[in-house]
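One chain, chain A, appears in both complexes that follow, with chain B as partner in the first and chain C in the second.
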Partner chain A sequence: MKIVVAVKQVAALDDDFEIRADGLDVDEDFLMYDLNEWDDYSLEEAMKIKEAAAEGAVEVIAVSVGPERVDESLRKCLAKGADRAIRVWDDAMEGLDAVTIGRILAGVVKKEAPAMVFAGVQSSDQANAATGMAIAASLDWPHAAVVAELDYQPGAATARIKRELEGGMLQAVEIDCPAVLTLQLGINKPRYASLRGIKQAAAKPIEHWSLGDLGMDATQVGATAALSRVRRMEIPVKGRAQMIEGTIAEQAAKLIEIIKEYKGEAA
Partner chain B sequence: MNDTTLVTRILFQDFSSWSITLFYLLGYTAIGIFAHGVYTQVRKYRRGRPLDIGAWRQRAVNMVQDMLTHRTLVRRDRKAGRAHALIFFGFALLFIGTATITLEYDILQPLFGWRFWHGEFYLWFSLVLDLAGAGLIAGVLYMMYRRQWLRLPKLDYARPDRSPEDPDYDRRDYRREDWAFLWALILIGITGFVLEATRLVWLSGQPTVWDLRFWSPVGAVMAHAMQSVGLSPEGAGLVRSGLWWFHGLLALTFIALIPYSKIKHIVTAPTSLMLRDPLAGRRLPKVPEEQASAGYQYITDFKWKELLHLDACTKCGRCHEACPANAVGAPLSPRDVILSLREFANHSLNAATLPEKAELDVHGKAPGQVFMETLWSCRTCLACVEICPVAVEHVPIIVQMRRKLVEDGNMEPLLEKTLQTIHKTGNSFGESKRKRAAWTKELPFTIKDARKEAVDMLWFVGDYASFDPRNQKVTRAFARLMQQAGVDFGLLFEGEMNAGNDVRRVGEEGLYEYLATANITSIRDCEFKSVVTTDPHSYNTIRNEYPDFGGEFEIQHYTTVVRELLLQGRLRLRKPLGYRVTFHDPCHLGRYNKGFDAPRDILQMLGCELVEMDRNRDNSFCCGAGGGRIWIPDAPGTEKPSQNRMHEAGRIEGLQVFVVSCPKDLTMFEDALKTSGYEGKFVVRELIELIEECVEYDESPALSVEV
Partner chain C sequence: MNTILVVAEHRRGEVRPVTLELITAAQQLKTAADDRVLLAIIGQEVELLASQLQWAGVDEIIACKTNSAEFEPELAEQAVSALIVSRKPIAVLLPHSVDSLGYATAVAVKGCYGYATDVFKLAYDGGALVATRGGYNQKVNVEVDFPGHACAVMTIRGGAFKPVEAAAAPLLTVDDRSELSGRSRPLEFIEQGGGGDIDITTVEFIMSIGRGIGEEANVEDFRELADNIDATLCCSRPIADAGWLPKSRQVGQSGKVVSACKLYVAMGISGSIQHMAGMKHVSTIVAVNTDPGASIFTIAKYGIVADIFEIQDELQAQLA
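After this line comes the complex of A and B, so read on.
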């Protein structure tokens, strides 16, 4: 039995960063990459199921779509105990969005035929919260988003889950398997991947799949297939916050002055 | 008197042959029990991991020096050390004496007919042994007094990591054993003298005995006393024969029990001293590439040398007393870690066959196992290793056990986050790499990029000095000093990463290897004569640990560099500062690397009046930041080591400046100054700031220290 965990390598911004010359993204020099925080939790959930089952009964496969640098994040998944790691990339995929990524990942799921697909609720950089649901849509599988608790026995026909709603509410759901779940932070305590573990995982192979391996072509996944595209990226103008200093009386006087200024009254 | 062979001591006189046979039988039984014990102990050690020791000759010489001078025992407890010396030398001489008799009576005489134990040799022999016996008894009496009446906290075996309901909370059995040991020693000594006295009374008619009685002065005085209360020679002979057996059996029991009891330390302590690693804790062991798991999980993961160290501990409590974690009530006493592991090893490794793997796991909550919170309480300040009189190396063991905890993710979430941050950004502040040298922007001059041009001195700045805003001021001050002195220096800029000292002491060996190799590569690509740093942590790992990864660099802490610049007159001083100061030795500069003098010399040159705290130099009290503890919050409501230290400084009358020479110390103590209520009474300053205040600049940028 297999569990596919869709993971993403996310970017974090430096304090001072610059937008790329073409204005479509941040200059890669100013990005620091790491595994998406949500994916630590979804991988951990898969590992817990694997470790509770008999040895070798559950195979955990980490899958990601992206260029070569993504291998580093997949290696972290291997270090944490994933059995296999697959990276899908093809230059024709440049310009993809959450929907096309979902389509690609669905292609992997079709080939692997897992009993469960996990993804994080969202990625910390783009925050579309769409990829997991896009996989389910492509597969036409049952799905549940923002899962905060999961009760699932490997091979079972259904899983009992609790979804997080607004206002601290939980919704208990029974879902038919195989299903696609997006898991919320806090569902478990992710394990630490020691550097030694990551180094040792370097010996484990990462499978590199291309479009051909999925039986897809550029028209399905390329920029033209994407439902959204970036037109421009810019740094918003900073607000006019200012710190008022001085004694309480001075601060109050300054505040009155500012309010009057806004109301258009003369100081 | 002409026949000197008559001047000797009777052995087995008037004994029937069966009682001599019985005595020998008992003797061989005792030796047999002893030998079996030695065998099981050696088997236990051999169940540890192999280790190549090497340099046995030098090790033996050092050990003999340690033993003869008792230098490790008199430290910080002179009286106990001297009492031990009396017992040690007394016991050793008595043992040699008894062995001499055996040599003649059981070996040389029966085999070759050689005799030497008579005449003048015998007389000197009996004088020396009498004095030895008196010394032994005096030493043991002091130890008894010390245990019973001094009530030293360090001899209280109650454990900070267990609660009173736990079965191994106060280790009462140890106390019984201590007393049994002392009583056995003193009884053997006293009965020995009584035997001697009764023999003299018994044989008072023989001039070869009686006329020479004062060669055994203690026995002679006692003999006179016995006579004065009316003991007849016959009566003395009767008392003697009974007492002889008691003394003999006690001595034989003592010998038989050596491998099974505290007495063991007469063998394990010298061996442990011989196995001492002079760099213990300063240079932590590498994890062999082929080793699957990083740290120690099972007792069989320990090296044989470490298993032997465990057996050398005599519970003297010096480490317990020196430990900063223990001082503030954290659940750690280095003594208890060692004793726990020893009990664990004795429980699981003494049997003929090894138990199941699961029963060898040293981590957990059962008796003998070591708690996770105990291991995480350690600040790797090395106070325990440094003071241990028998060379037990606590810190490397604690770090090895932490490596296992780290591998399993059993650590504070904040620490885990910090390790991930360091991996991602190369620094513990989570700042971008390119901001590492941002502190230089406010300087009126530019600092050379050592990656691009050759420099004399490569300055390894370190995380705290680079990113912490308070420390950046000090870092800039040091740059100005170097500039003023005309030192040709440069930085690695983004090429520098966290040096890894504390990461390694946390137990994240993989991350350490990553940081160390990256830094070594960066440093190696530069052209320079020597490295300088203001950070004692970076200093330690670059000096002691980078060589294991191929990075052999000459490195100095700034205190020695500045002292040299002052002595050479390359930095001129304006006027004596005249402050009343105290100096806190940073663990990694002082205890780790013996850099005690340079900062004190500088303070003297600056014209400061240095008043030492009670705990100074090698007994300096850790600020609490070491071993990664700076990334682990202290439990709320408990005293921090830094606050404990502030109170110590606060007792110095008229103190103006609490001087430190370590970025982490500055952070810890400026915080503790406020939280322990000394703000406004004195200030915490980095030594660099005092130097800056005193040095004459061509262009004056000096900030005044507000006292």
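After this line comes the complex of A and C, so read on.
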């Protein structure tokens, strides 16, 4: 049986960044890419299931929608032990929102027919917290978001999960499988790639799929298929913090003053 | 006449306060005096729950009766989808909460409605509904619209709108949806215990460490510093997830709201929405971060752009 893990390459910004001339995004020169933090956890969860099962019984497939640079993040997933990596990209993909990406990923799920699909709760850059559930909705599969604990035997008809709610509370839920789950930070302790893993990953292929491979067409992934459109991106006016300038010694002295002032008031 | 649909959130018999913020957000979307705000509540004892929804600004409460007392994503999805079809709202407002994360997307995808999450500002521009959310880890604001969609589903960030205060007695309609079924079964709630640790919601002075701490070995220095200044040592989520401090010390949405705190010193914490949900109310926040663009500085009273280790050394030296 297969587990599909959706992984995203996220972008962090340089300290000094600029918005693109068209005002719709940040200038690409200021972006630094990495695998989304949440996806480290969902890949690890899939690896745990694989390793607990008989050798070769579970196949872990990392899938990402994105341009060529995304291969680097998929390589990282292979290095951590994913069996296969698939990158989907097509020039017809335009103005992609989380829902369109979910629709594309659902196309991959239909072809691979896994027993379980994992995505991260959210991406650290755009924080849509929507892609995983968009996969589920496109497939009409059972789904649960913000899963902090998972008890699942490969191929079982149900899984026991714990949803992480607000205020540190959990809720146990039984869910029918196959299902799409979004997994939360802290669900496990993600491994680092071993040197051996990194070496092996370099030799593994990354499968490149286009729309045709998914049996989809441009109307399903173009700008008009999206459920929202970016009109403008802007740098917000900075908040109200009063900055404490000076040398480290001066900054520390001022902080001590603030603490003393608080204690004086409290006394 | 436009209709705006708000979906109330409840858990264990209590309506969650964020619902009151959504009513205010809905008011902002009214453009004519006869625009209507509908407030739906989905659950089993819905009449009882509806009695907690007597708020001004609501024209009608719709009690959707299902066969599950607690949230189940497919029941919520089908109930809300049916309401959108029958009531034709221009906007559907849900809290950006864990429950909504489990079904809002499905409502939007299946009905092909406009969709945006974690929205903190709503406006119209020449008739077009414009929602503002954050991007790139809150470093930019992103305005989105929904061309071609007559209805937009939006999840609204907690704390972005003031809760309604005035009471009223809106009309109540019962919508029987007990025929609906879902493919998951909510079971018991589990409170994560404090394990005998201090209750951080009651302390007044907190020094909190975040991922900027780098490695576990550094925690000890900050514990000493906290002891030295009589502060309680707390943390952001990565520190608790790594097990460097107990979960009971985590501040934020899935941790604790430090309601009694008066002075909060944030060391190497970027200021994610979920962390700020636990401390943004604190009157004096001092943030130390090497990144002048860190969003924690947007809510801090004082900001120090510096390395936390240098600040920690210097504080210890000056206190000695």
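Going forward, the second predicted complex is superposed on the first by the 234 of 267 C-alpha atoms of A that agree within 3 Å, B and C clash if a C-alpha of one lies under 4 Å from a C-alpha of the other, contacts with A are read in each partner's own complex, and residues count from 1 in each chain.
Basically, contacts are C-beta pairs under 8 Å (C-beta built on N, C-alpha and C of every residue); 3 or more make two chains touch, one makes a residue touch a chain.
Because the structure is predicted, anything quoted here is derived from the model rather than measured.
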Would you check which partner chain A:D15 touches, where first means chain B only, second means chain C only, and both and neither mean what they say? both
Between chain B (first) and chain C (second), which does A:M32 come into contact with in this model arrangement: first, second, both, or neither? first
Given the touch rule stated above, what does A:D83 touch, chain B (first), chain C (second), both, or neither? neither
Of chain B and chain C, the chain that contacts the larger number of chain A residues: C
Using the superposition on chain A described above, determine whether A:A137 touches chain B (first), chain C (second), both, or neither. second
Tell me which partner A:Q251 touches in the superposition: chain B (first), chain C (second), both or neither. second
Answer with first, second, both or neither: which of chain B and chain C does A:Y192 touch in the superposed model? first
Tell me which partner A:D213 touches in the superposition: chain B (first), chain C (second), both or neither. neither
Contact residues of chain A, present in both the chain B and the chain C interface: 15
Quick one: in the complex, what on chain B touches chain A? 287, 294, 406-409, 411, 416, 419-420, 423-425, 431-432, 434-435, 508-511, 513-514
Help me check something: in the complex, which residues belonging to chain A touch chain C? 11-13, 15, 17, 19, 26, 97-99, 102-103, 121, 124-130, 133-134, 136-138, 142-146, 162-176, 179, 182, 185-186, 224, 227-236, 238-244, 248-249, 251-256, 258-259, 262-263, 266
Contact residues on chain A for chain B in the complex? 14-16, 30, 32, 34, 191-192, 194-199
The answer for chain C against chain A in the complex is residues 11, 70, 73-74, 96-99, 101-106, 108-110, 112-118, 130-131, 134-137, 139-149, 182-192, 204-205, 229-230, 237-238, 240-241, 247, 250, 253-257, 262-263, 265, 273, 284, 286-288, 291-293, 297-306, 310-311, 314-315, 318-319
